[in-house]
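Pasting the structures here.
In the two assemblies presented below, subunit A is common to both, partnered first by subunit B and then by subunit C.
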Partner chain A sequence: MKIDPVFIWTAFVKLLSALPMTLFITAISVGAGLVIGSIIALLRIYKVPVLQHLAAFYVTFIRGTPMLMHLFLVYFGLPALIDAVSGAFGWTFKSSSVPILVFVLIAFSITAGAYLAEVIRSGILAIDKGQLEAAYAIGMKTPQALWRIVFPQAFAVSLPNLSNSLIGMLHGSTLAFTVTAVEIFAEANIVATTNWKYFESFIAAALLYWGITLLIEKAVAVLEKRINVYNRGGVA
Partner chain B sequence: MIKLSGIRKTFGKQEVLKGIDLIVEQGDVVAILGPSGSGKTTLLRCINYLERPNEGEVAINQLKVNVKRASKQDIHTLRKKTAMVFQNYNLFKHKTALENVMEGLVIVQKLPKRQARELAVQALEKVGLGGKLDEYPSRLSGGQQQRVGIARALALNPEVILFDEPTSALDPELVGEVLAVIRKIAGEGITMIIVTHEMAFARDVASHVVFMDGGVVVEEGPPHQLFGTPKEERTRQFLKRSIQEWSYSI
Partner chain C sequence: MGRRFEFGYILEFIPKLLDYLQITLLIVAASIALGLIVGLIVALPRMYHIPVLKRISAVYVSFFRGTPVLIQLFLIYYGLPELLKGLSIDASKVPVLAFVILTYGLHSGAFISEAIRAAVGAVDRGQVEAAYAIGMSGFEAFTRIVLPQAAAVSLPVFANLVIANLKDTSLAFTLGVMEMTGKSQTLGMTTQHFIEVYIALSLIYFVVSMILERLFLLAERRMLKYQPELAGHTSKKRLLQGLFLPQFKKGGEQA
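Moving on, here comes the complex of A and B:
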């Protein structure tokens, strides 16, 4: 086997054009996942009638099935649903006018939401109830107490797990290539086939993913240090 | 004036409070004594609805909150009129001493930040922590944390401060500094209800002492009467045992 080391660099540069797409998919799915996950976590913690069971079902179903499955279910199922609803109401709207990327983002947000729900739930449960009571005792309402007292600390506790999920979604975003979204992995595939240099292209892609992951790890470490100032020192 | 009438509370099948009536006059310092499990902490927590009673009415001056008709708004109003000092301090761990005290002033009372800061600094100076404004709770001793807790309650200028065993989690060495602070603010005419195991403190500082056991008020009265000439046999037993505790010699 012959390796063309120079081509690794050539491929790497070419892959950079797909970097924004990867970052976009990751950022949107994790961002939306945080919102979904927070809602799911609160529904379960507050044991909201009926909804808590739906929330629990969502978490176990999504975590119990592969991420690629979510993508396919949304990618093949949602357009049919949209067309059926559109037809039933006599709208002219067709699912074919929805960009593929939208289905990718919906599917991955659903995936991320289930995993993040558990991360957020564990973070919230780690904050002792006494602080919430203290917040109530000074006259705060539940949303104020959650937003100002519980969430900031739950976030700090959850940071290591959140970075895990973020990195997981970054790597999971490669699956978007299966429905023709051109992110780094798809671009690597294109570079590989057009140049007949598979190994070099995928080494370049691996390096790029690793590089982004290192940056995430570094950023989280800095954030963790800053955010945890209050835990430092002395008697706890 | 604070008036509790017919407060009942059950946890599962166990009836913890069996119909408590209590009147606390403006400026009173009421100490609630009693063995563990007598329901004194639960009673205190019923006053600001951290525990929702099953029956009864909590009245603070004009505001009357009956369990049967208590809305979220009623409970919220009740909490704004009261403040609480907890056994485990329950400071907001991600906020400095100053921020802990300012939080209620800014978020609940909607005071401008500058004014809130002034009040918070005053309160912290009063509890002797003027030099620890920017410290996080993790860097303070238990006694200091509890004093921040007291400042947080004090700054809100509530109609009553509820103390839930404020010294029970402290090292014996640190109890004194916290009691000294409570004694000082008791002298300023703030209405206080204190659940405590510190007998000597209750005798010296309280204007009215309540002895609870088994979910009922067994006896109440001014401290000299309750400690000096208790009427009920149960009170005598309790005091005897508690007073013996102090005189252990090894």
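Moving on, here comes the complex of A and C:
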């Protein structure tokens, strides 16, 4: 079997049909992860009794176990839980009516939440306390001060980490193939097995992921330059 | 999907999975060892600004950091034998485990090379100059003066890489390697108690991660002994992170 360079292009075009799914999984899980992560980070920064320990446990546990485990636990555990609850209350709702993609999104959001919680926490802690005090001094309430003063600056500080997390979740979305969600990697597998051209298909998939990763890095670099304008120091 | 949840199965599965922990750890150890060699080789041209080679290094690092490890696994598993066939070498008898170790080695090599570059950059330039001043050669100055200091600086990053590598090994089952996750698949299939298997497996990964983290923390404190101000800083910061849940450490020690 010889390597067929033309088929790499053919496979690449076929893989593009699965690109929206990959981007969708990545975007939703990072989006939900940002919400979860912010809540977790605030619980820990403000040392909310009991909840801060739960939050810390969540972060440590998720970061200490493979992403694949989160997917499998949610994929196998949540339907059983839904059916048990549904059965106990006599509802007609069955877990089989929930699309697989929903479980994938829930699992990846849980993963992203833990990693982003640490990113957000370190970002917020990097902001000088004086900023918050100044916000209070001019009469802002805590949510206002956080939202308008602390978060924008923390965002700028943690942009490199956010970009890493985003790329990590993009690469992690390949795991969705294990539960038969058809994203780029699953599509590459299909193209590979139906045409019996494994190497070419995976080269195409690798190139596609590499391209998206480079795009994200470029976009973040541009954003970083823009967002840090306020922070350049000096007088003018 | 599966049978009723039974807590007893978790306890039953843990020892069965632990039998395969050694394969997982073998993959981690071998690929990190390979990754250290690859990482150093890849980092050198970029640190010493060797033309052409530094470009190749940069592309290598960008590729292995820019693509999912799952794709790299499949790429090397399916691609390498074909490339070797072109050189009339038969790779069909090579065990899958070798491909897996090679992939994870190349993957972590890219990350390790970046860690090495950052750490070497963090060593004060005066150290090299002092080494030259007492008559050391470039090689001696690097291996005897810069590298030991860089190793201490990069230990936290390295610890994260090892733990990430441990978690990544869970993907080796996709190629049919019988490590812990591979075993969990067969256990799940035969008993139909999937949730219990994955809970047991997660607990094992979690405990191993925690133990690795502790070990690296101890190593870091030892290696930074000669710089007490730095050691105090890092260990205090990371101890604080570890303090939030004392019961974890107990869990880690019991296991």
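The rule is simple: the second predicted complex is superposed on the first by the 232 of 236 C-alpha atoms of A that agree within 3 Å, B and C clash if a C-alpha of one lies under 4 Å from a C-alpha of the other, contacts with A are read in each partner's own complex, and residues count from 1 in each chain.
In this text, a residue touches a chain if its C-beta (ideal position, glycine included) is under 8 Å from a C-beta of that chain, and two chains touch if they have at least 3 such contacts.
The structure displayed is predicted, hence computed values, not measured ones.
Looking at the shared chain after the overlay, A:76 reaches subunit C, while subunit B stays out of its contact range.
Set against each other, subunit B and subunit C touch different numbers of residues in subunit A, with C touching more.
By the document's definition of touching, neither partner reaches A:86: not subunit B, not subunit C. Shared-chain residue A:161: touches no atom of subunit B or subunit C. In the superposed model, A:137 lies in contact with subunit B only, and not with subunit C. By the touch criterion stated above, A:3 is placed in contact with subunit C alone, subunit B being left untouched. Looking at the shared chain after the overlay, A:149 reaches subunit B, while subunit C stays out of its contact range.
Within the superposed three-chain model, A:65 lies in touch with subunit C and out of touch with subunit B [touch as defined at top].
Comparing the two complexes, no residue of subunit A contacts subunit B in one case and subunit C in the other.
The residues of subunit B lying in touch with subunit A in their complex are 48, 50, 76, 79-80, 82-84, 86, 88, 90-95, 103-104, 107-109, 136-142, 152-153, 156. Residues of subunit C that touch subunit A in their complex: 1-2, 5, 62-63, 65-72, 74-75, 78-79, 82, 85, 163, 167-168, 170-171, 174, 181, 194-195, 198-199, 201-202, 205-206, 209-210, 244-245, 248.
Considering their complex, residues 128, 130-131, 133-141, 144, 148-149, 152-153, 156, 229-236 of subunit A touch subunit B. Partner subunit C is touched in their complex by these residues of subunit A: 1, 3, 44, 52-53, 56-57, 60-61, 63-69, 72-73, 76-77, 79-80, 167, 170-172, 174-175, 178, 185, 188-189, 192, 198-199, 202-203, 205-206, 209-210, 213-214.
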